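Presented sequentially are two complexes of chain A, the first with chain B as partner and the second with chain C.
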Partner chain A sequence: MTAAVEFQTVSRHFGPVRAVDEVNLSVAEGTFFAMLGPSGSGKTTCLRLISGFEKPTHGAIRIFGQDVSNTPPNRRNVNTVFQDYALFPHLNVRENVGYGLMVKGVGRATRNAKADEMLALVKLDGFGERKPGQLSGGQRQRVALARALVNEPRVLLLDEPLGALDLKLREAMQDELKALQKRLGITFVFVTHDQGEALSMADRLAVFNHGKIAQIGTPEEIYSRPRTHFVADFVGSSNVLPPDLVQRLGAPPTWASLRPEALRLTAAQGAVLSGAIIGLRYLGAGTRVTVAVAGAEIGVLVPSGAQLPEAGAEVGIAFDLADLHPMEEA
Partner chain B sequence: MRSENRAPKSLTLAAIGGLLFLHLPIALIFLYAFTTEERTYQFPPPGLTLKWFAVAWNRADIWPPLYLSLRVAAVATLMALVLGTLCAAAMARARFFGRDQLSLLIILPIALPGVITGMSLRSAFSLMDIPFSTLTIILGHATFCIVIVYNNAVARFRRLSGSITEASADLGANSFQTFRYILLPNLGSALLAGAMLAFALSFDEVIVTTFTAGQQSTLPIWMLQELVRPRQRPVTNVVAIVVFATTFIPILIAYYLTRGGSETAGGGK
Partner chain C sequence: MKSALLPERGPGDRLTAIFWRRPRVLLAVLIAPPLLWLGVVYIGSLAALLLQSFYSIDEFSGLVVREFTLKTYGELLRPANFDIIRRTLLMSASVTLASAVVAFPIAYYAARYATGRWKAVFYLGIMLPLWSSYLVKVYAWKLILAKEGIVTWVADSVGLGFLLDAALALPGVGGNSLSTSFLGTFLVFVYVWLPYMILPMQAALERVPKSLLEASADLGASSAQTFRTVILPLAMPGVIAGSIFTFSLTMGDYIIPQIVGTSARFIGLAVYQLQGTAGNLPLAAAFAVVPIIIMLIYLSLAKRAGAFDAL
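Now for the complex of A and B:
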């Protein structure tokens, strides 16, 4: 099967800055694909390479097998939900949604019917006459979504679409976007710097760092088996153990990751790892206990309800060796 | 509340004095358009009459300068609209080395003394063997008209969310459609305001015109010549009222067009 989006050693340089550096990427049709990374990691540039607002310095980009490296944005069958929504302020909601059809020469009646259909899809029936300025942030977001979907793109690009919403609304929209993607069956490529959002929504995700993909895989793979120090750090604060410590635990001497929730606190005597507690942080669902072990700091997630030791107390840490995942590089 | 925020009496008086000093001469110009005495500006006027309006209407030497002024202002404004908007679009979108310096160069003609602009244009036209004519006046006026349009357009571009043009392209619109359906509606009032200001500025321009005109005279130049010889002086005042109306009304409209503005552009952001 041809990939919906494919990058073949794609680079985009801005002067001396390598915003995207020899990225290889393949997004299968119908998946919800997330591009995760801190700001400046190249994820948004990758999105703009797909939409056509950036041209690759090197490499080829294919959308459904067709090389689009020289195709302008208005001739690509992809549409974008912009970070600031970019609604047209002088048009009402129906005209905003119908815009894509209008520029293609679709008649007014068909256009309005289709726009209303899209507005119903995003649960904004009856808002057609309003101007963007009269809508709340969440409603504008839905209009931007409806407007991008009206052209029936085969790939929908979303640039941090939930960034401007408050937490409650963001969670509701996460569920809704996911459901919408399932229902429409089209490919979503989603850019975010929020690891929780990427993990909960994506079928597959790519973690970006310094213009390169640090790791690509399912959310579970990325969360439980981070391949690099950066991924371990960025996706849910894993413990990273240096090779000498790993060797003492009886594993081959490589860097390794250990999830905080895979660890248990025990008595200090007889434990493989032990040390003094140097910090306790209450997180609601549990408490993160930081233990100083042989020069390293190891975080242990103690679920709520369990008994908590005092700061400064000597404790041991127990875990299954199977939870210790070797990493490829530091 | 009322008394605490009031300025001291002396300051109020000074302000009133300043305003009178500025505006009383204008009122006098209006007043002398109605005087019955035609050689000197004696005060108070011996009597009031409306006959000078009729006299002005029938003076054949007023109409050619009026037409010329209108034509120059219209064409210079039109040129400025096209070039100024293009400049603003390029400057708003592009980020390149020397951008700020270039922006200064575009704005410079308005800061430059008219004498300098006039002199440099005059020598440039001579060098290129362009005969002084209506065309040279128009080109001279266009130099500062462009700045007015550019300034208005660039301010509006800045207020527009940059991604709306991208959104338009993303939805399948070509550049022309994006300009027609997205940019023009959002820039419209700013461009109209810029055009009105440019028109007003061109209509009463004297200095650059003096340097770039050939034999023909625009309305302000005609007035200048007229003041020298004291014949039917109030006619000049009647023309002054016409000039005042033709420049003041567009400026007023331009002010109202660009005043609020929050509802016209960027409101969706």
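Now for the complex of A and C:
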């Protein structure tokens, strides 16, 4: 099957800055694909390369097998939900949603009917006459979504669409977006810097760092088997153990990752790893206890309800060797 | 132990306290002087002018008859006077249109692409002509456009003299040379008022986020469609603001048509002559009311057309 979106050693340089550096990427049709990374990691530039607002310095981009290097944005069958929503302030909600149909020459009646249909899909029935300025952030977000979907794009691009919403609304929208994608079967490419969002929504995700993809895989793979120090750190703050420490634990001497929730606190005597507690951070569902072990700091997630030691106490750390995942590099 | 309140330091703190307790006092203090200035000096004299226009002049004695009448307004409709109004209106409209067309690319460039040093160059380039005397500029243009001037010389030396001759042969706007034709008056008006069109346009365009243009392209619009359906409507308040300047400045000007152009009169010149040499203050006042009425009509039409929807 042809991939919905394919990058072949694509680079985008801005002067000396390599915003996107020889990225290879393939997004299967009908998947919810997330691009995750800190700001400046190249994820948004990748999205803009797909929509056509940036041109690759090197390499080729294919959308459903077709090279789009010379295709301007208005002729690509992809639509974007912009980070700031980019709703037209002089048009009302219905005209905003119908804009894509209007510029394609669809008549007013059909256009309005389709726009209303889309507004119903995003639960904004009856908001057609309002101006974007009269809507809340969450409502604007839905209008932006409806405006993109009314064109029935083959790929929908979402640029940090939930960034401006408050936590409760964001969680509700995450569920809705996911459900919408399942229902419509359109390929979604979603850019975010929020690892929780990426893990919970995506079928597959790519972790970006310094213009390169650090790792690509299912959320489960990325979370439990981070390949690099960066991924381990960025996605759920894993513990990263240096090779000498890993060797002491009885595993081959490579860098390795260890999830905080896979660890238990024990008595200091007889434990393979032990040290003094240097920090306790209450997280609601649990407490993250930081232990200074020779050569490393290790975080342990202690579930709520369990007994917590005092700061400064000497403790041991127990775990299954199966939870120690070797990494390719530091 | 430290007190919960900080010590009062003097009259400044006492005044601040008064303003904090009664915010309206501060507002009143700030707004009263300009309001008096506008209300009494400006609106007052405008009302006096309006009053004058309802008086008439006694044709034998040349004295102003202080009785309410619409006779003076009736005089505006006499062919000689109506011609002046029509001519001024046409000139103002064409100057405004031309200014908008010339200003748009400049304003667009400045708003979209110019950054840092180029932005400074832009502002300097636009403002610099405003710093030198208006009279000097107009006389300079008279020389530039004269029969022996640089425009004729350049046109002749590159073999385009025939184009210039063809333009001057146009009925109604042509003439002996550019400096003695309506075409010349038009060119100088456009030059002199152009900055007043560029600046508000640039300010309006600057407020249009780039993402709106991208959204338009993303939704399938061509560049022309984006211009028509997004850029132009959003820039409209700026275009209207600029056109208020160019339109009303052209309508009121009485210097440029005197120096560059034919001897045909414009409203400004008519007002100037009527209140001075002719001593017909009522008719001068009636003439002066015309631009006000025209601007009001223009603005209400613009409002009805939705020019201010994006404000």
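Here are some notes:
Here, the second predicted complex is superposed on the first by the 330 of 330 C-alpha atoms of A that agree within 3 Å, B and C clash if a C-alpha of one lies under 4 Å from a C-alpha of the other, contacts with A are read in each partner's own complex, and residues count from 1 in each chain.
Going forward, a residue touches a chain if its C-beta (ideal position, glycine included) is under 8 Å from a C-beta of that chain, and two chains touch if they have at least 3 such contacts.
These figures come from a predicted structure and were not determined experimentally.
Clashing of chain B with chain C is the outcome of superposition onto chain A.
In the superposition on chain A, A:Asp166 makes contact with neither chain B nor chain C.
Contacts of A:Phe82 after superposition: both chain B and chain C are touched. Once the two complexes are overlaid on the shared chain, A:Phe53 sits against chain B and chain C alike. Contact with both chain B and chain C is seen for A:Asn151 once the two complexes are overlaid on the shared chain.
When the two structures are aligned on the shared chain, A:Pro72 is found in touch with chain B and with chain C. Applying the stated contact rule after C-alpha superposition, one finds that A:Arg140 touches chain B and leaves chain C untouched. Touch criterion not met for A:Asp125: it reaches neither chain B nor chain C. Shared interface residues of chain A, touching chain B in one complex and chain C in the other, are 51, 53, 72-75, 79-80, 82-84, 86-90, 99-100, 102-104, 147-148, 151. Listed in rising order, the residues of chain B touching chain A in the complex are 161, 163-164, 166-174, 177, 181-182, 185-186, 263-269. Of all residues in chain C, only 209, 211-212, 214-222, 225, 229-230, 233-234, 309-310 touch chain A in the complex they form.
Of all residues in chain A, those touching chain B in their complex are 51, 53, 72-75, 79-80, 82-90, 99-100, 102-104, 131-133, 140, 147-148, 151.
Touching chain C in their complex are the following residues of chain A: 51-53, 72-75, 78-80, 82-84, 86-90, 99-100, 102-104, 147-148, 151.
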